[in-house]
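See below for the structure under consideration.
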Amino acid sequence: MIKAWMEIISNRPIAKNIYKMELKGELVQRITCPGQFVQIKVDDSFDLLLRRPISIAEYNAEKNTMTLIYRAEGAGTKRLSRKKASELVDVFGPLGNGFPVEETKEKALLVGGGIGVPPLYELSKQLVQNGVEVVHVLGFSTKAAVFYEQEFKELGETFVATVDGTFGAKGTVMDIINEQRFTFETLYTCGPTPMLKAIEEAFPHKKVFLSLEERMGCGIGACFACVRRTKTDANDSGYKKICTDGPVFRIGEVMLEC
Amino acid sequence: MIKAWMEIISNRPIAKNIYKMELKGELVQRITCPGQFVQIKVDDSFDLLLRRPISIAEYNAEKNTMTLIYRAEGAGTKRLSRKKASELVDVFGPLGNGFPVEETKEKALLVGGGIGVPPLYELSKQLVQNGVEVVHVLGFSTKAAVFYEQEFKELGETFVATVDGTFGAKGTVMDIINEQRFTFETLYTCGPTPMLKAIEEAFPHKKVFLSLEERMGCGIGACFACVRRTKTDANDSGYKKICTDGPVFRIGEVMLEC
Amino acid sequence: MLAVKLPGLELKNPIMPASGCFGFGREFAKLYDLSKLGAIMIKATTLEPRFGNPTPRVAETPSGMLNAIGLQNPGLKKVMEEELPWLSQFDVPIIANIAGSTVEEYVEVAKEISKAPNVKALELNISCPNVKQGGIMFGTVPEVAGHLTEAVKNVSSVPVYVKLSPNVTDIVAMAKAVEKAGADGITMINTLLGMRIDVKTGRSIIANGTGGLSGPAVKPIAVRMIYQVSQSVEIPVIGMGGIMNVDDCIEFLQAGAKAVAIGTANFVNPYVCVELIDALPNRLKELGFDHVNECVGRSWKDEKSSSNSCP
Amino acid sequence: MLAVKLPGLELKNPIMPASGCFGFGREFAKLYDLSKLGAIMIKATTLEPRFGNPTPRVAETPSGMLNAIGLQNPGLKKVMEEELPWLSQFDVPIIANIAGSTVEEYVEVAKEISKAPNVKALELNISCPNVKQGGIMFGTVPEVAGHLTEAVKNVSSVPVYVKLSPNVTDIVAMAKAVEKAGADGITMINTLLGMRIDVKTGRSIIANGTGGLSGPAVKPIAVRMIYQVSQSVEIPVIGMGGIMNVDDCIEFLQAGAKAVAIGTANFVNPYVCVELIDALPNRLKELGFDHVNECVGRSWKDEKSSSNSCP
């Protein structure tokens, strides 16, 4: 990991409040796998003091570029969304342990919810490159929030659900999963905690990898902000840090909530 | 006074750390005289919380434009200096009572020190327009800090002093004043307090108008941050507010320091 | 949707300018109609006129500011004869902030000023950290604060709110002491004692040395204290300290305040009070509230009704 | 130009990471050579391992952050057997921050940890506001703090610094009490108790409810307290609270600190400590200082030698 100024190649909305930012810089050389993240300092003012953790949605080591997809929700991501091409941003990363691509030889199910979808894109690309068959199940709140459906389709079969039914199937990713009864070797997922919980319950004996989120301080394991208790050790002091041991964990490795 | 978003027409350095910013907007219509100021919110972040008071150096009611000249010294003015044309800034003003142009019929001496020079420019222009003869004495620290010498020359005789002698006469404005023994009806001045004090001492019986500075809260007279004791009433509670009663005062009206 | 009732006060809305940041209203009256405000907390009034501290009196700090005005004000007589009558042209209740160096001074000011027809409540400034003459004791020792409150209650013709200083170990003890002494309400927080040194000169920027910290920087401290105090007393709290936008207002209400006051933000955006009053209804609706009162104390009411303990 | 001597500590420079923001150094060792640091204040160590509070444990506030980690740490045994030996590869003195729920726990940890060869001083964390079990009392009652200091002094093999909590009415009284009890130095300030409510849920963002406020927002409070305490005690002060850049370091020194620690800024810029160490000499020169010691206490030394009263 390094702290580096990366140049914005582009930064534009791709769905309601969802932005795609392409960045260029040497930092990309250090990315080791899909699912890693970076910590971004929005600007040099103090008021939004902390860095924002954002997953790497796609990267290209040859071109030294990477893509972030983020929701402009709070003050920091809103400010980020106003940045223009050629501006520089202060990026710290890559951080964390991502999705183990090599854990799948044949067929993978990728399940993403909302702003948990982005890191699955690079994962899917790499799986496909390895000759793995991928199936995507993506959930969004509503049609206006849907993004990257086309991009995923180009990589493999893609199902989309929206809570209000304005796009794809009405309901959640779990509705699709229950209906389609997919067969798969490995399930990779990233999204809101209730979704992860449902998946955990549905596939207790499968090879599942989940990417977790937590509010972070340092992003490198020094501050103990982002811990999860390990499952084997629920009443003891066993724990993992999401920023360094994760954000991707094997099913059952940690408790999904504090 | 109004709070308005004004558009930056240009913003560029004109001397070492000195920037000239041209702004456009309806607010200009409300300016009543040279020496008034505006309060600028540097950006919408909270960390540089307070507005920055900056004098209006020049204005053009027909074109709806005004010019600010400022030193990029602290965090706020430095951020301001990075703004680009077509960006908007949050301006509150015009504020305060400026220089009384009509107090001079024949000949005025304008004495400016450093970043106190800008408001004298509009004053000089208006005096000249009224047929008044103007003489300028401008003091700067060093050659690199000198600005607007040419602009003032076009309006009237102009003397420049630099402390280190790298431009014009070596010394301060007082050295020039003592040497030249100007005759004048009115003296208008703006600059650092030691300079104002020297002028006050040198011309106790002249018609002198001084523009003062103080750290401000509200800029409109509500917070009592910017008071000066009135001279007539030094041990009592008599006072004037620089933001509303000033920033320009008649000699002897208020004490120069707290 | 916005109307709020507090002892002595029928507020059109729960938003008012905080004392010391709004003078006696004259300046802001040039910008908007003061009748739009929920109330006005006027600048601290003392028995005699005061000049206050030497300048510079303010300094900026990260997301905050320091001030050491030193209670400059024109004195009781002028406030009674000029400022309050002038303010009576507006349909807005006045909360008179009063200060003093002795109990007697407070009592005298309270007695007189509470007679003004538009003064609907007093706000006892026991917490201004800038006056050396024992003033700080009123704000930090529960018994002393209680004694002062009682003395003022005895003479005031209107309800008395006590403004608490955050510069204490135990804010709840202070709140309980003034409640017990008969206070009708609490306003909080006043400024935190701070300092900024100019590294070039090695000296404090504020001539007085230290000053009172306000603005968004102190908001988390204000919210925490209001959260603690509003659960511990029966009298209402008017909250302040760093409010900049509508969500901040709602945060203070949820912490337990029944109304809020806005100080420093008036310097950043002179229209802030009316802009927030205008914006509040929509934001409340968005968050699912039908009346501003529904927010009040939600942070601890929710805690009490449901267990949110974590395994 | 940068070397500073303090009880038990020979510092190459006056800059060190603050406790809790640097773990036990392992993570930052991947970014730069820890031997460059003046010292390292390691994460609070307790007798037994602790898991700490539920998450979320941090929240952002204007120019600051709240944390309620709850003293998570691997416990004395592991710190003695793994962390400290690992740290001994670096040429840097360790200041061991210790915490506990009882005097006995503090004493036990102090006794053992002070024996580690690279631990050159202890930092008594009497001020962590996150532990409910009476922990806060140590930090707010002078007598209790004094008693604890004495007990730890009796068993420690190295000088003892006491870390003061800012959540008190009278910080000078706290400082004097620990000085009298034998403290070799004071570190200050720990975090201020704060809270942030998510307006959408009406609940505290931090699962624990309240948390400790740190970062630039608190800097004016830290500077004021260091200014007050450094004039009132003979023992040295290590200052912290919101330091982000070189000028902040110098401001703390001028306020009266002999060295400074950097906490939250490590999260904003993980290289901040070494960057400031590198930048300090030039900035000192620019301001006309030949040695960092010349800055120390300049704000009040100047006041004492010249009258700056204003007419």
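Order of writing sets the labels: A, B, C and D. Residues in every chain begin at 1.
Throughout what follows, a residue touches a chain if its C-beta (ideal position, glycine included) is under 8 Å from a C-beta of that chain, and two chains touch if they have at least 3 such contacts.
Computed from a predicted structure; not experimentally measured.
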Partner chains that chain B and chain C have in common: A, D
Result of counting contacting C-beta pairs for A-D and B-D, higher pair: A-D
Farthest chain relative to chain D (centres taken as mean CA coordinates): B
Centroid distance [mean C-alpha coordinates] between chain B and chain A, Å: 54
Centroid spacing, where centroids are CA-atom means, of chain C and chain D in whole angstrom: 33
Cα-centroid distance, chain B relative to chain D, in whole angstrom: 45
For chain A paired with chain D, centre-to-centre distance based on mean C-alpha positions, whole Å: 36
Residues of chain B whose C-beta touches two or more other chains: 46-48, 258
Touching two or more other chains - residues of chain D: 54, 61-64, 207, 215-216, 310
Arrangement of touching chains [line / ring / star / complete / other]: complete
Interfacial residue positions of chain D with respect to chain C in the complex: 54, 61-64, 66, 140, 167-170, 192-197, 199-200, 202-204, 207, 209-210, 213, 215-221, 223-224, 227, 242, 247, 250-251, 254-255, 287, 295, 298-299, 302-303, 308, 310
Touching residues (chain side chain B, partner chain D) in the complex: 46-47, 234, 255, 257-258
Chain A-facing residues of chain C, complex: 62-63, 216, 310-311
Interface residues, chain B side, partner chain A - complex: 43, 45-48
Residues of chain A touching chain D in the complex: 1, 3, 41, 46-51, 92, 214-229, 236-237, 239, 244, 258
